[in-house]
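After this come two complexes, each holding chain A, first together with chain B and then together with chain C.
And then the complex of A and B:
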């Protein structure tokens, strides 16, 4: 009886020991989501208040630092190219045959009318570097058992001071993320779905971004194909390739 | 000379409709030039008065990185206000303004805007900042008519604003529009939301900081202070001055065309007079007038068109000018969206200098144009002229 009581006493501690810490969860997420390089073909479906637009693009990326995107459709956007090098962003417009650097207040503008701003694209840092992560509970989301992890910024220089992510307990992939203002107001929500196993990792092939202050049904980001860890020539990430 | 004037007047009046037609055209040129320059001067006067009252005060100090034409500088263009300004600020002679970029979400639409913080108790500029002291559950803000129109907001509406503090962190808040002011200076209206400077300092995490300082009438500091550059009224209004200059030059071309047309009529009349009145010219010379006297007679006759035009122009022009001064000239809709200080109605200002210069200018040109065909008289043979032979 005494032994039984001891077991009962230790069970919660044992269960707690099985519960990963916030940091461990973030590390497991990074294993799925982070990559050295990738070539992606994607569709962005922008649900505006009046109409829905679909933009197709091909992106070459190295980590979070370098990305080169060429828009393929519709005809109006075809040929538009975007180059991101760390915290700098350039856009080439074939109509005007000009390359402009997006900075200052222009970064706050919407990307092609979507719920993403240019500065959302510029968010380079890994969450584990910027945030203290705490598991605050668990919840079933989209029929998947999830950890709810709250992220509190380590420093005052982080764009979003508070984030909340719902992480699939089995696959360690975020299924929902909410970004909050310093005041606690919900600013953006992301929902990730169509989780697919690619090259031994789980990866979401569909993401829905919603600017919670804006009207509309958000922007869908659908990955049609993705190749991880491919060799991408360095010349692609140059301003000269914008005009090619 | 008196004889020339008397004769010229009689001949002119005797010519009847032809004279009055020329006189009317010339008078129209007078009235149009004076009126248009009056409108430009009125605009200039009103715009500068409005700019001083609503925007620039009696000069400004800018934080050294501030460039109103480059929003990229805004993140770096705020600093702690130097102590030397403290007396002016507490005495109500200086109004600090803190500026930041942000977004407003009226009815779920995103719109970039500039947040400007100012002391609600300031009296340096005419902005109705006292409204910022209104009791409100949300943060009170004021905005101009143009901004309210573009955001489709009205008094009492609550909307969300989003901004980044000095560290770049996003923040958002609900604000209530407690007042919508109507002013003719787009620089304090278009794309801007005004709120209490203390609220904005807290939002930006920039205590005691400002981007620019607006000086009141009694402010005496007029030199650069480390980190802050003094901008005088000439500098602050240079854009307006340039625009007025361009408008004046643009108007000048129109008047040149009008004057050329009027002068063509005068020239034509003079040529016709000399051709048709050869017998008269011959008689004048035969009766003892020198050729120069006859030339001056015809020149005075031509020039007298301009003098009569002054009288005729005054008859209908003065009531028209007075009426315009009273009711003003309504600018076309949308003119104030051009970014310049333009009142909906401009009240012309007619300076005595403007009137004198216009009258003198037209008189001199008319005299020259009248003299040119009259020179032919000096080469005429009086005997042939009396006979009426064409020379």
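And then the complex of A and C:
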């Protein structure tokens, strides 16, 4: 009887020992989501108030510092290019033949009318760098056991001060995210699906974004192809490439 | 009795002239202040109507619900046909297209890269078609500081302050970065034709006026616009007439099940203005109340002085046997006559000045360091029905009240001491 009582006493401690900390979860997520370099072909399906638009783009990226995107379709957007170098963003529009730097409040504006902002697009930081994480519970989401992790921003410069993420307990990939302002107001909601194993990492190939302050039925971001850790020539990330 | 008192007032000018003059001046000032304040507030409403809301405004139902966000993705489509139809329905009115837009305005350096940029808040109106009245309606001629008006769809006007911030002059290129009505990115080059002064702080910080065709091209809004403003025949807003137009239009065109069906709202129902009309009435009421109160104190005092000045006369009348009540009543009767005569003359003078201010207006342009702006520099009075009777409140009641208070002293006089008082 004494032995039985001892087992009962130690079971919760044993379970707690198996439960990863928020920091460990973020490290595992970053292993899946962050990359040194990648070339992505993607499709953005924007469900607006009046119509649905599909925008196709190809992006070359190195870590969270450099990214170059060329829009391939539709005709009105074709040839538009964006260059991100650290926290600066330039846009080239073939119609006006102008290279324009986007800064300040404009970075919070919608990207091509989607539910993503320029800041969202530019944000590829590892979460562990920007947030303190606390596991606040667990829940089944889309038939997967998930940790619910609350993230609190370490600095005021981070786009979203509070995030709540539902992390797959097996694959360590977020399946759902809620992004909040400092006041606690829900700003955006994301759902990540079509989780695929690519080069020994789990990666979501479909993300649905919903800007809670915007009309419309959200934006689907679909990755059609992605290659990780490829060599990308340095000249791509130059302002000269924008006009080519 | 009245005739007797009136004769007494006419023949003894010492008794009547000063009180009548004081009442006349006070009442004239009250009437003038009322008309002028009402006029200024009405001018502000008219400015809002001309600039942003029209006497009536047509939008889609969804746009109207989110109008504070200027949601061009919810704009009206097929506007040429719609305007043609409403013009047939209301032939005395004028309907014009407007697009409000926002975004970033970028000025390039000699290499075509960003030199300066800033958030822009713009309004697109018909600037270049042959019969447009928009230039006059927005008082652009009076607001132009540099350059000229746009003559082509790709020419724009910027606020003088904003142009300085962007370091651009007439003839220089600027690029608008905004969203098309379908959510796409809009990047369009324009040429700065001229600069203006809006006279409204936030518009002077970031304002832009462009031709409607140029903005329709830039924002992919061909045959579309955010709002159609309707103006009644009379430049002064008439809520009753606007309400009739609103009801007729909504009965014919509005569909409660279609968020993109056109709906009309009148100036008084505009979200930003709904409270303003009540505020104007309340504010005008408060100002007039304070003014009337001040005038009442002056006139009341005049009544009191009148009563005291006639101390000796009252003593004599008591001494020869006139009843105290009779003296009191006759003094009040005289005060009523003075009040009526003074208020009538004062109201006529006040209305005369108000009429002159209504027609000619008061040009404050000279006080404003020769600045030219869209805000009207000439303020006009507005004669409203209350102006005809409002002056009688301080004019009549306060003189009578003053006399009544001063007259109480009559009952305190003792007959025994009257002769002693008269001897001194």
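We adopt the following convention: the second predicted complex is superposed on the first by the 240 of 244 C-alpha atoms of A that agree within 3 Å, B and C clash if a C-alpha of one lies under 4 Å from a C-alpha of the other, contacts with A are read in each partner's own complex, and residues count from 1 in each chain.
Keep in mind that, in the parts below, a contact is a pair of C-beta atoms (placed from the backbone, for glycine too) under 8 Å apart; a residue touches a chain by one contact, two chains touch by 3 or more.
Since the model is a prediction, treat every value here as computed from it, not as a measurement.
When both complexes are superposed on chain A, chain B and chain C clash. In the superposition on chain A, contact of A:215 is made with both chain B and chain C.
Using the contact criterion defined above for the overlaid structures, shared-chain residue A:144 touches neither chain B nor chain C, since it reaches no partner.
In the overlay built on the shared chain, the residue A:183 is in contact with chain B alone; chain C does not reach it.
In the superposed pair of complexes, A:205 makes contact with neither chain B nor chain C.
Look at A:58: by the touch rule set out above, it reaches neither chain B nor chain C. In the superposed model, A:164 makes contact with neither chain B nor chain C. Of the two partner chains placed by the overlay, only chain B lies in contact with A:156; chain C stays clear of it. In the superposed pair of complexes, A:95 makes contact with chain C only, with no contact to chain B.
Judged by the touch definition given at the top, the superposed model places A:48 against chain C, while chain B stays out of reach.
Taking chain A as the common frame, chain B overlaps chain C at a single listed stretch, which among 206-214, 224-232, 332-340 or 368-376 is 332-340.
Residue overlap on chain A between its contacts with chain B in one complex and with chain C in the other: 49, 103, 105, 109-110, 215-216.
Chain B meets chain A in the complex at residues 71-72, 74-75, 101, 103, 105, 107-110, 112, 160, 162, 164-165, 167-173, 205. Contact residues of chain A toward chain B in the complex are 49, 103-105, 108-110, 153, 155-161, 179, 181-183, 185, 187, 211, 213-216. Across the complex, chain C meets chain A through its residues 62, 66, 71, 73-74, 104, 106, 108, 112-114, 117, 119, 175, 177, 179-180, 182-185, 187-189, 220, 260. Here chain A touches chain C in the complex through residues 46, 48-51, 53, 76-77, 80, 91, 93, 95-103, 105-106, 109-110, 112-114, 215-216, 239, going by the rule given at the top.
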